[in-house]
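These are the structures in question, set out in turn.
You will see two complexes here that share subunit A, one where it goes with subunit B and one where it goes with subunit C.
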Partner chain A sequence: MQAGTSEPVQNNASSRKVLFHKLTTRYFWKDIVVNLALYLLLLDLAFVFLYPFLDMIITSLKTEEDLLDITVQWIPSKIFWQNYKIALDSLSYTSFFKNSVVVTILATVGHVLSCSCIAYGFARYRFKGSGILFGIVVLSMIVPVEVLIFPLYMMYSRLGWLNTFLPLTVPAFFGFGLRGGLFIFLFRQFFIGLPYEIEEAARIDGCGPLRTFSSIMLPMSQSSILVSIVLSLVWHWNDFFEPSMYLFKPKVSLLPARLSGIISMFNAEKVVEDYAETEIIFNEAIVMAAIFLVILPILIVYAFLQKRFMEGIERSGLTGQ
Partner chain B sequence: MYKAHHAWLFLAIPGILLLIFTVIPTVAALFLSFTNYNVFSPVGWVGLANYKQLIHDSNFWSAMKNTLTYWVLVTPALSILSIFLAVLVNRKMKGVSVYRLIYYFPVLVSVVVTAMLWKWMFQEDGIMNYLLSIFNIAPAKWLTSKSMVMPSLAIVTIWQGLGYYMLFYLAGLQSISEELYEAADLEGAGFWKKQFYITFPLLRPVIFFVVVVSTMSAFKEFTMMLTMTKGGPIGSSKTVVYMIYEKAFEQLDMGYASAISFALFLIILVLTLINQKFLDKDNQA
Partner chain C sequence: MKKLTIEKKRRLEGILFISPWLLGVAIFFANPIIQSIRLSLSKIVKFKGFVMKWYGFGNYSKAFIWDINFVPMFLNVIKDTFINTPITLVFSLIIAMLINRSMKGQSFFRTVFFLPVLLGTGHVMKQVLGMGIGEDAMAVAKGILMPEEFMRYLGPAFTQAVDGFLGRITLILWKSGVQIIIFLAGLQGISSSLYEAAHCDGCTSWEAFWKITLPLMTPVLLLNFIYTIIDSFTDSNNPIVDYILNYGFKNNQFGYGAAMGWIFFLFIALVCGLVFAFMRKRVYNAGLKQG
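Our next item is the complex of A and B:
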C-alpha cells in the first residue's frame, strides 16, 4: 500500500532501475498525493476531536486577567497553577476520588463476573423460558433508567440502601446496573462463536459444567473481559444520574456530582451553602481545571488499555459473521 | 450433553434478581401509570386517565417532536459518518493508532463535561462563531434560537459519539477479507464503488447494531439538554425523557410520568423491531 516501502534490493543497478520505474509510474505519484491528503484529513479530524480539550487545558491555566483579555487566545501570559489548587480543594478531590474509585472498581468487577456467567448460560443452554428470560435482558437494555428510577428509589429506600454505595454496586454483581444487559449481550455473542468441541473435550476429561466455565471458557474470553472492563470503568466513572438520585448526603457523593455542583454554581454565579465557607467565586479557569482533574484518571487508564481494548473489540464477535 | 438443569447453575441467582431489579420496577412503573400517585397522597386508581391526558397534551407532542428531530439528526449521521472514520483509520499507515486514540477521547468524558465544554464553545464570542466569521457568516445563536438549538445539540452528540461507533465498524472492517478489495482493484473499482459494493453490505450486521444502539440512546438523551439548555429556548429542546424527569421530580406527578415513560418505551420497542426487520435480515439471532 505505502509508497516508500518495497522489497529490499540487493544490488545498486537494479535498485536504481526499480526507483526509475517507480518514479515514472502514475500510481507512485497518486499514492503520495492520496497519502498526503489522508494525513491532512486525519490531522484535521484529530484537531476537531481534541480542540475542546486543548481549550480546556489552556483555559485552566489562565489568570483572571488572561480570561478577560481577548488577545490571550492560546498562550497564557503566565501559567497559573493556583487554579488547580483551588479546584482540588473545592472538589475535595482526595476523599471523593476514593469514593468514585471504590464504586467504579466494585461495579466493574461485578459486571465482569456476573455478566460472563449469565451470558454463558444463555449461549449454551436452551430450556423452557430461556427465550423469555433473554427477552427480559434485552428489554432491560431498552428501558431508560429514568423510567424505573422511582420504583428503584422506593425499593432501595425500603432496604435502607440510600446514601450507601450498595445501589450502585450490588446490582452489577447480578448482571444489572448500568447497561448490564449490554455486557451480557457482548459475552453471549462471544461464547456463541466458540466451538462446542472445547466443552466436549473438557467433559470427557471429567470437568463439570462450572469447572468447564471457570477454568476453560472464562480464560478464553479474555478479550471480551477486557472490553467489558474498559466500557464499564468509563461508564461508571462518568455516571451521574443514578448516583445523584441515591446519594444525596455530601459525604458519600462521587466526583461527577461534585463537578456538576461546581458547574452549576459557576452558571448560577452564586455561592451555595455547601461551599459557603470557602467563599470562592468560580471563574472559567477553575471550572476547567476541575473538569480536567475529574476526567484525567479515566484518560490515563484508557491510554494504557486502549491497544488491547481495540483488539478485544475485534475479537468480541459483536460485529457479526 | 447440555442438560437444561445445568443452566440454572449459571442463571438461577441472576434469574431471581432479574425479577427484583428489572421486572418488579417495570411492573411497578406500569402500575403507577394507571394511578394518580404524587408522593404525598395515597395511591388512587384512575384507569386510563393518564393515557387519555397524554394524547391531548400538546407539551407531550412537542417533546415527542423534539425527540424525533434529535433522533433524525443524530442517528443517521452517527451510523454513516463513523463508517468513513473507521475506513480512514483502518488503513495501514504510520501513527494511525494515535488517531484512533484521539478520535475515541470524547467517548471517555461524561455528558455533563461535554455539555460544559461545548457551552463554552457555543458562546457568543466562542470558537464556533469565530469559525463562522472566517467564512463571513453572521454569528449564530447556537443554543438560544428555537431553530438552531436541536442541530447544535446534535453536533455535540455526533462529536461525542463518532469514536464509539467507529470502534465497532473498525472491528467489522477487520473481518472483511483484504482479497475482496484487491479483486475490486483489479476490476478497476474506485473508492466509492468499493465502499458501496463491499464495505457497506458486509458491515450490515454492525450497521444494525449501531443503528439500534444509537436510536436507543437518542431517545433516552436528556442530561445534555438539562445541562446545556434546560430544555429551552421556550421548550424547544425539551425531550420526552426530559419531560418525564420534570413531571416526576419537579412536579412529583408520578402517575403521569410513568404513563409518558411507557409511551416512550413502546415507541423505542417498535423502532427496534422495525430496525430488525430491515437491517437484520440475515442475522436473526
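Our next item is the complex of A and C:
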C-alpha cells in the first residue's frame, strides 16, 4: 500500500503521460484516501497518548492564578519556574535520587547478567527436565506478587534485610525480581533465533561453553541486551509496590515513595484545608512539577537510547522466521 | 577421572548455565510458595518471630463468607479482566500495524506510543489519573473519535454504551505501551517476501492479514496475553491489590492476605490455562512449546 510508486522517468512527455495515467486510475485515489485516513487515525491516537504528558508539563509551569483561571488551559500567562524549585526541595531530590539510582542500576545489571546466562542455558541445552524447568519460568511470570509478598516479607525480616536495598536487588541476580521471568523469556527467544553454526565452529576450535557464551553470544545479542536494559531501568525506576513494602524508614525510601508522600499531602490539604499546618502549601502545579522531576531521568536516558532501542525491538526475533 | 559421555557433558553445561536460576527458584520462588500455602492455612498468633497456628481453611472461608468486600471486588476484577484484555490486545495490534508501515514520522509515532510506559507503570500513572486529567483526556478522546452532534441522534442508551467504552479505551491505551512494542517486534519478524508472494497471487491486504499476519503472530499474541494479565494483576490501580496489602500489612493478617492472594492466583492460572489449551493447536511455530 504505497502511495505514488515512482516509475523511472525518461522524458517530459512520457512522464506527463505517466502522471495522467496515475491520476486516472482508481487505485491511486484510493491509496491517497486510505493513507490520509490512517494518518488522521494515528494523529488522533497520538494525541490521546500525548495529552496527559503535555498537560502535566504545562500545568507544572502555571502560577497559582493560572491554575484557577479556566481560560488558561494551554498557554500559561507566565512561565513560573518556582514550582520546580519547591518540588525539588520538598522531594529532597538530590539525596533520594542517589537511592533510586543505586537500586535501579544494580537491579538492571543483575537482570541483564543473570537472565541472559539463564536464557542461554534454556535455549541451547536440552536435558531431562529442562522443559519442566522452563515451565516453572513461565509460572514465575504468572504468579502474582500478592501470593509471594507475605512469605518474602517474613524471610527478609528474619534475614534483617528490611530497610536495605538487598530485597530489591539480590533477586535480580538470580533471574527473579521484578518480572525476571519475562527477561529470561525474551533472551531465550532471541538466542533460539540465532544460527547454531557459529557455536559449533567455536567448539571445534576448542572454545569452552562459558567462553562461547561470553565472547560470541553476548556480543551478538547487543540488541536484546539494550531492550532488556531499557525495560528493566524503566520498571525499576517507577516501581512503587515492592519498595513501599520493604523500605519504610524515610531515610532509605526511593523517589516514587517521596512523590507519593507529596501527593498524599496535597490530597489531605484538599480535604482539610483549614488544618494545613505545613509551611508549604502544595498546589497542583507543584505536584505536577514533582511528577515530572521524578520521571525526568528516565526520559533523558530513553532519549539517548531510543533509536537503538527501537532497532533492538525490531531484531528481537519474536516471530522467529 | 572417568571421561564423561558427550551427552552427560552437554547436560552438565546446561545445568551450569541455569544454575543461578536454580538457586533463585529455591530461595525466591519455591520456598515462598510453600510458606505462602502454609501461611494461608494458619493464623499468626505472635507477630514477633511470626509464630503460626494451624487454622485450616478458615482464611478461605472468611474470604467468601465473612468478608463483605472481597467477593464483589473479586467479581469486578474478573469482569474487568474479561473486558479489558481483548480490547487491549486488539487495539495494540492495530496501533502496532499502523506504525509498522513505512511512512513519514514513523519514529515520532513510535516514541509517542511508548511514552506512557516511561511515564510510570503504576503509581505515578495512578496519581496522574487521580488528578482529573484522566477525565479530561477521556473528553478529548470522545470529542475526536465521535463528534458530539453525531451522538445526539443516537439516543441515550447508545451514548452511554459509547461513553463507557471510550472511558475504558483511554485508560487501556495508556497501559498498552509494552504490548504495542511486543507486537511491533513480532510484525518486524515477518518476512516481507511472504506478503509480496501473496500479493502476486492476487491476495488483498485484508486476506493477507488473516492468512499471513495473524497466524504468524499467534506466539506473540500468547506472550502479550500473558503479559497483559500479569500487568493488570500487579497494577496498583487494581483495587484488590491494595485491599490485600492493606489487610495483610496494616491489620497484620498475613494469613488472610496470603489466602486472598491464592484465590486470586487460582483465577489467573485458570484463565491462562484455558488460553493455553485453546491456543495450543493454533499457535504457529510455537515459541513457548519449543522447550
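Assorted remarks:
Note that the second predicted complex is superposed on the first by the 298 of 321 C-alpha atoms of A that agree within 3 Å, B and C clash if a C-alpha of one lies under 4 Å from a C-alpha of the other, contacts with A are read in each partner's own complex, and residues count from 1 in each chain.
Everything below uses one rule, namely that contacts are C-beta pairs under 8 Å (C-beta built on N, C-alpha and C of every residue); 3 or more make two chains touch, one makes a residue touch a chain.
Computed from a predicted model, the values in this text were never measured in an experiment.
Superposition of the two structures on subunit A leads subunit B and subunit C into a clash.
Of the two partner chains placed around the shared chain by superposition, subunit C is the only one that A:Gly131 touches, whereas subunit B remains out of contact.
In the superposed model, A:Arg203 makes contact with subunit B only, not with subunit C. Of the two partner chains, subunit B and subunit C are each touched by A:Asp55. In the superposed pair of complexes, A:Phe97 makes contact with neither subunit B nor subunit C. In the superposition on chain A, contact of A:Asp44 is made with subunit C only, not with subunit B. Under the contact criterion defined above, the residues of subunit A that touch both subunit B in one complex and subunit C in the other are 1-2, 35, 38-39, 41-42, 45-46, 48-53, 55-56, 114, 117-118, 120-122, 124-128, 130, 133, 136-137, 140-144, 146-152, 154-155, 171, 174-176, 192, 209-210, 213, 234, 238-241, 256, 259-260, 263, 284, 287, 291, 294-295, 298-299, 302, 306-307, 310, 313-314, 316, 318-321.
Remark: subunit C residues 10-11, 13-18, 20-25, 27-29, 31-33, 35-36, 39, 50, 95, 98-99, 101-103, 107-124, 127-128, 131, 133-134, 136-137, 140-141, 144-145, 170, 173-174, 178, 181-182, 184-191, 205, 216-217, 219-220, 223, 226-227, 229-230, 233-234, 236, 241, 244-245, 248-249, 254, 257-258, 260-262, 264-265, 268-269, 272, 285, 287-288, 290-291 touch subunit A in the complex.
Against subunit A, the residues of subunit B that register as touching in their complex are 1-2, 4, 6-7, 9-11, 13-15, 17-18, 20-26, 28-29, 32, 85, 88-89, 91-93, 96-97, 99-114, 116-118, 120-121, 125, 127, 159, 162-163, 167-172, 174-175, 203-206, 209, 216, 219-220, 222-223, 227, 241, 244-245, 248, 254, 257-258, 261-262, 264-265, 268-269, 272, 283, 285.
Here subunit A touches subunit B in the complex through residues 1-2, 35, 38-39, 41-42, 45-46, 48-53, 55-56, 59, 70, 114, 117-118, 120-122, 124-128, 130, 133, 136-137, 139-144, 146-152, 154-155, 171, 174-176, 192, 199-200, 203, 209-210, 213, 234, 237-241, 256, 259-260, 263, 284, 287, 291, 294-295, 298-299, 302-303, 306-307, 310, 313-314, 316, 318-321, going by the rule given at the top. Against subunit C, the residues of subunit A that register as touching in their complex are 1-2, 35, 38-39, 41-42, 44-53, 55-56, 114, 117-118, 120-122, 124-128, 130-131, 133-138, 140-155, 157-158, 171, 173-177, 179-180, 182, 184-185, 189, 192, 209-210, 213, 231, 234-235, 238-241, 245, 256, 259-260, 263, 284, 287-288, 291, 294-295, 298-299, 302, 306-307, 310, 313-321.
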